[in-house]
Amino acid sequence: MTGSWHGEAAAVATLTFDVDAETPVLAAGRGYADHMSTMSHQAYGPEVGVPRILDLLDDLGVPATFFVPGWVAQQRPGLAASIVERGHEVAHHSYSHRPPTGMTAAEERADFERALAVFAEQGIPISGHRAAMWEATWQTPDLVAEHGLRYDSSLMADDRPYRLAAAGGEIAELPVHWSLDDWEQYAFLPAPQIGSVITAPSTVLGMWCDELDAMRQYRCLFNLCVHPFLSGRPSRIVALRKLVEFALDRGDVHFARCRDVAEAALADRSLPVRHPARPEVSPEFFPH
Amino acid sequence: MTGSWHGEAAAVATLTFDVDAETPVLAAGRGYADHMSTMSHQAYGPEVGVPRILDLLDDLGVPATFFVPGWVAQQRPGLAASIVERGHEVAHHSYSHRPPTGMTAAEERADFERALAVFAEQGIPISGHRAAMWEATWQTPDLVAEHGLRYDSSLMADDRPYRLAAAGGEIAELPVHWSLDDWEQYAFLPAPQIGSVITAPSTVLGMWCDELDAMRQYRCLFNLCVHPFLSGRPSRIVALRKLVEFALDRGDVHFARCRDVAEAALADRSLPVRHPARPEVSPEFFPH
Amino acid sequence: MTGSWHGEAAAVATLTFDVDAETPVLAAGRGYADHMSTMSHQAYGPEVGVPRILDLLDDLGVPATFFVPGWVAQQRPGLAASIVERGHEVAHHSYSHRPPTGMTAAEERADFERALAVFAEQGIPISGHRAAMWEATWQTPDLVAEHGLRYDSSLMADDRPYRLAAAGGEIAELPVHWSLDDWEQYAFLPAPQIGSVITAPSTVLGMWCDELDAMRQYRCLFNLCVHPFLSGRPSRIVALRKLVEFALDRGDVHFARCRDVAEAALADRSLPVRHPARPEVSPEFFPH
Amino acid sequence: MTGSWHGEAAAVATLTFDVDAETPVLAAGRGYADHMSTMSHQAYGPEVGVPRILDLLDDLGVPATFFVPGWVAQQRPGLAASIVERGHEVAHHSYSHRPPTGMTAAEERADFERALAVFAEQGIPISGHRAAMWEATWQTPDLVAEHGLRYDSSLMADDRPYRLAAAGGEIAELPVHWSLDDWEQYAFLPAPQIGSVITAPSTVLGMWCDELDAMRQYRCLFNLCVHPFLSGRPSRIVALRKLVEFALDRGDVHFARCRDVAEAALADRSLPVRHPARPEVSPEFFPH
C-alpha cells in the first residue's frame, strides 16, 4: 500500500475483537464478581469464543486485531500470546475497562500505563489503543502519542482514517461506530442491566453487508468491532463467517490489521489532519 | 401551486435535516464536552454528513430544508451559507437545542431570539422554525409569528399542513411525527444514554416507503426528519437515496422546501385553522 | 350465536380502539399539559385518527368497539355520539386513565362512577369496561358487576372469553394481551418517556396475521387493541385494513362488537367460571 | 448414549419450560399481588400454557423438562404430577424465584431446601436445578451437589455441557444463554416494567432455527428455555411447533430430558471439568 491509505481497494476491512471478558461488568460494579452466572457469561469470551474465532480466521485466511484489557491478559497469561502466534495483532484496550471519562486524568494515565506494563512483561508488541467503552477524553490521544503508539481507534468523526495532531506527535485515528458493533445488537444481561431485545444474527448480517457495500462506494474503513463473549456464539460466528465471505466475494475489499492500516494512513499525506479541540461551552447557554 | 396546498401531487415531500451536531448532547449536560468520543460522534454530522447529503441532493435534483441550531451555525461560520448556496433552505432550530418545555418563558424567548441574531449576522434568511426535541410550548407559535416567520414544524396534530392562529398572526404548521424521524431508529450513545437497538437501514427504508405510499392515498405531507450525524453514515445515506428514488418513481410526489409548502398552505383557505388551547387539567382528576 | 360463544367461526375478532387522547400523558403528570407538541401528538387520535378509522370500518363493513375515557368524552362532546351513530359500541375506559392499581379503592370507585355519569349525560349506552393501562385491581370486576355492566376486558388469564364470578354477579371477561396491542410496537414519546424503537407496520401486520391464524386453530378471541393516536397514522391504518382483509379472506373469522361477544359468552354454559382470588403472599418468602 | 455425551447426534436439544407463574413478579415486589391484571397475565402460564404445551409435546413425541418454583407447585398441587405423568421431567427452580445473588447464603439455602421439601412431599423426583433469573452464586453448585442432584442449568461458560467440581462432588452443567430464552423476545409488562418491543414469533423462529443449525456444526447443546405464560400464546406455540419440526427434519438432532443429558455428560470423561473460582477483584482497579 503506497500513496493512498486504501491502495487499490474500494474499502478496507479491519476485523477487531474486543476481548473484554469480565471487565465491563466489574467496571460497572466490583460486586458482580459474586454473580457466578454473569461471570460465566463473560468467561465464555476468552474460553470458547476466542479459540473458535482464531480457527475461523485461519480458515478464511484473513488477519485481525484483538483489543485486550490488561487485566484480562494478566488473568489468563497465555491468552495474548496465543493470538499473536496465529499472526494477529494484540492492541491496548485499557487495563480495567473503566471508561476514561469516569476517571481523573491521573487515574486514566495510571490505568493506561498499567496495561502497557502487562503487555511489556508478556512480550506482546503494542502499536495501538482503543478506549474502554469508546469513551476517550481529550487527554487520550496525547497518552497514545506520548507512549509511542501509532494509532487510536475510539473516535467517530469520520468513517475513513484521519491523522490526529496529539501533543506528543501525530497518530492515526481508525474511527469506530456503534452500528458496526455487536454490543447494541446482541448484549443482554439482567444485572448489570444491559441491552433489551436480542437481534437475530441474520438481521445483523444483512445490516453489516449493506454497510460494507455502501462503504465501498465511499471508500471507507469498515472497522468492525465484535466481542468474543457475544459473537463467539454459534449462529453469530456463522454470520461473521458469511460476512467475511461476502466481502471476499466482492473482490475489492482489503482485510488488514489495524496497525497496518495506521501506517498506511500516516503515510498518506492527502488525509486530513484534525486538531483535537474541546468545544467551549458557556454555562449561560448550557446551564446543566 | 395555487388553490390546493399540494397542487396536483398525491403527496408532498419535505426532506428536512436537523443539523444538531453537539447540541442535543450538551443540552443534556454541559460536562459531556469532556467526552471526546461523543463529541466526535456528533461532529460527524456537519463535517462528513452535511457535505455528503448536499452532494446527494444535487445528484437527485431535489430541494431540502436544514434546521440548524444557532450555536452550531456560530461554531462553524461557513456552514449555513454552504447550504443556502446549494439552493436549500436554512431554518431556525433554537440556539442551544434545549427543549422549550424545560425553560421559563423568558429563557425560551432569549434562546429563540439569540438564534435569529446569529442568522441575521450571517445573512441567512429565515422563514420557519422547529422546536428543539419537538418540545414546543404554548408560547412557541406566538414567538414564531411575532418574529415574522411563516411556519412552525414541531407539532403533530395532523399529517397534513394546518394553519395556526398564533397571537402575532396566522402561521402554517408543517407537522412532524416520530415515525418519520431517524432518531428512534438509529441513535445510540452510552453517555448520555440514548437509544437501545440500532435498526437496519433496509428496515427503515421499507417503513418509510410504506408510509409514503399510504400518505399518497391520504394526500399528506411526508415531512421526513433525518440527522446528518446519523443518516450521513454510508448505508443510511444509500437508503435515503433509495427512498427519494422510490418517491420520484411514483411520479406524483412533489419535493419542496418547507418555506414553499408553508406559503402554499397559508394560501389554501380550505385548510383548517387551529386555535392553540392548553387543556384545562384539574388536580382533582389528575393529582400528580 | 347460540350454544357455543363463537358459533360456527374458527375465531372471533373484536376490533377495539382505545381513544385515550391526552389522558395517558396527563395521568403520568398533569404538567405535561404545558407540552404543546405532546398534546398535539395525543390530539391526533380523536381529531384525525377516529374519523379515518370510522371511514375504514364503513368501507370494510365490520363493527367495532371504542373504549373512551370519560374525560375525553367530556372534552369533545360530540365524539362518543359520532361513534355510536356509525353502528359501533362505545365502552367505559375509566374517567382519567389513571391505572386503578395506583388509586385507593375509594378513588377507583369515584373515577369509575364519574365516567358512567358522563356517558349517561350524553345518552351513550354502556355495556362493558376496560381498565386504564390494563391495570385492574381485585375490586374492578365487582365495580363492573355492581353497575350492571356485562363484561370487562382487562385481564389476561386466557385467550378465550371466560365467565367471572364477581361480587355483584357474573360478568364476561374478554381477555386482552400485550402482543395484540399497538402500544408496544408504535408508541414513542420523549417526555414522558414512552417506547424505544418504533416497529415497521409491515412487521406488526405479519405478527398479527400469524396470531390470528394460530387463534383460528385454538378457537380464540382475537381481541385487538389499537389507539387512534398511533394506528390512525397512514401506513399503520393501511396495515390495519390489510389485517381485516386477511381475516375476511379466511372466511371463518367472525367480527363482532365486544358487547355481543360478551352476551354470547355469558350464554355459553360450557365456558369456565373463574373466581377472582388474590394470591396469598407471605413476607417470609417475598420480603420486598 | 455411551461414550460421547451427544452420541451420534450433531446436536442435542433440551426443551425446557420455566413454569414461573406469578413468582418473578412477586419477587420484584410482593405488592404486585394487588394487580389483578398482572396476576392473570402470569396465571395464564400454568392454566392455559402448560396443558397446551403438554399436548404439543405428545403430538410431536418429544420429551421435555419443566423447571418449577416450589411456591408454584405448592399453590397448584396437581401441576407437577400432571407433567411427570406425561413422561416429562420436573426440576428444581428455587422456591420463590428470588435471584440467589440478592439473598444471603443462609437465605439461598433456605429457599433451595424449601423447594426440595415441596417436591418431596408431592412425590416428585428431582435430579437438577436452575437458578431463578439465571443468577447463580458461587454457593449454588455446592448446594446442588450437597443435596444429591446431578446437574445445574444456570451458567453460560460454554454451549456444550461441562462437568463442575462442586464442594459436594461433581455435577453436570447444562449451560443456558439469553439468546435461547423467550423472555428477551416476548416479555412485556408495564408494572413491574419488563421488556420493551415485543418481537414477532416468525423472527424468533428464524433466529432459533439458525442457532440450531449452527449448533449442529459445533456439536452443542441446544438448551431452549421458554415460559408457558409467554410461549403458550397461540402464534408462539405454533412457532415452537415449527422449530421442533425443523429439528426433527434435520434428522441428526436428539431430543432429551435434561436429566438424561446430565447423566451422559457425567459419563463422558472427555468433557472438561471446571473448578468454580470467583475472580479476585482489587478495589484499586475496580473502585465501585
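For clarity, chains are labelled A, B, C and D in written order, and residue numbers in each chain start from 1.
As a working rule, a residue touches a chain if its C-beta (ideal position, glycine included) is under 8 Å from a C-beta of that chain, and two chains touch if they have at least 3 such contacts.
To keep track of the chains, here are their UniProt names: A, B, C, D = Polysaccharide deacetylase.
Worth saying up front: this structure is predicted, and the values here are computed from it rather than measured.
*Asks:* Would you pick out the chains that touch chain A and also touch chain D?
*Replies:* none
*Asks:* Overlay chain B and chain C by their C-alpha atoms and let me know the rotation angle in degrees, rounded to the nearest 5.
*Replies:* 90
*Asks:* Which chain has its C-alpha centroid farthest away from the centroid of chain A?
*Replies:* C
*Asks:* Same or different for chain A and chain B, when you check if over half of the residue numbers at their contact belong to both copies?
*Replies:* Interface between chain A and chain B is built from largely different residues.
*Asks:* When the centre of a chain is set as the mean of its C-alpha atoms, what distance in Å lies between chain A and chain B?
*Replies:* Taking the average C-alpha coordinate of chain A and of chain B, the gap between them is 34 Å.
*Asks:* From the C-alpha centre of chain B to that of chain D, how far is it in Å?
*Replies:* That pair's centroid distance is 48 Å.
*Asks:* Chain D: which residues touch two or more other chains?
*Replies:* 195-197, 203
*Asks:* Just spell out which pairs of chains touch, all of them.
*Replies:* Inter-chain contacts occur between A-B, A-D, B-C, C-D.
*Asks:* Residues of chain B touching chain A in their complex?
*Replies:* 22, 26-30, 33-41, 43-44, 47-48, 52, 71, 75, 95-96, 98, 111, 114, 186, 188-191, 195-198, 200-203, 233-238
*Asks:* Would you tell me which residues of chain B are touching chain C in their complex?
*Replies:* Residues 99, 101, 131, 133-138, 140-141, 154-159, 175, 177-179, 184-185, 195-197, 199, 203, 206-207, 210-211, 213-215, 217-218, 220, 276, 278-279, 281, 283, 285-288.
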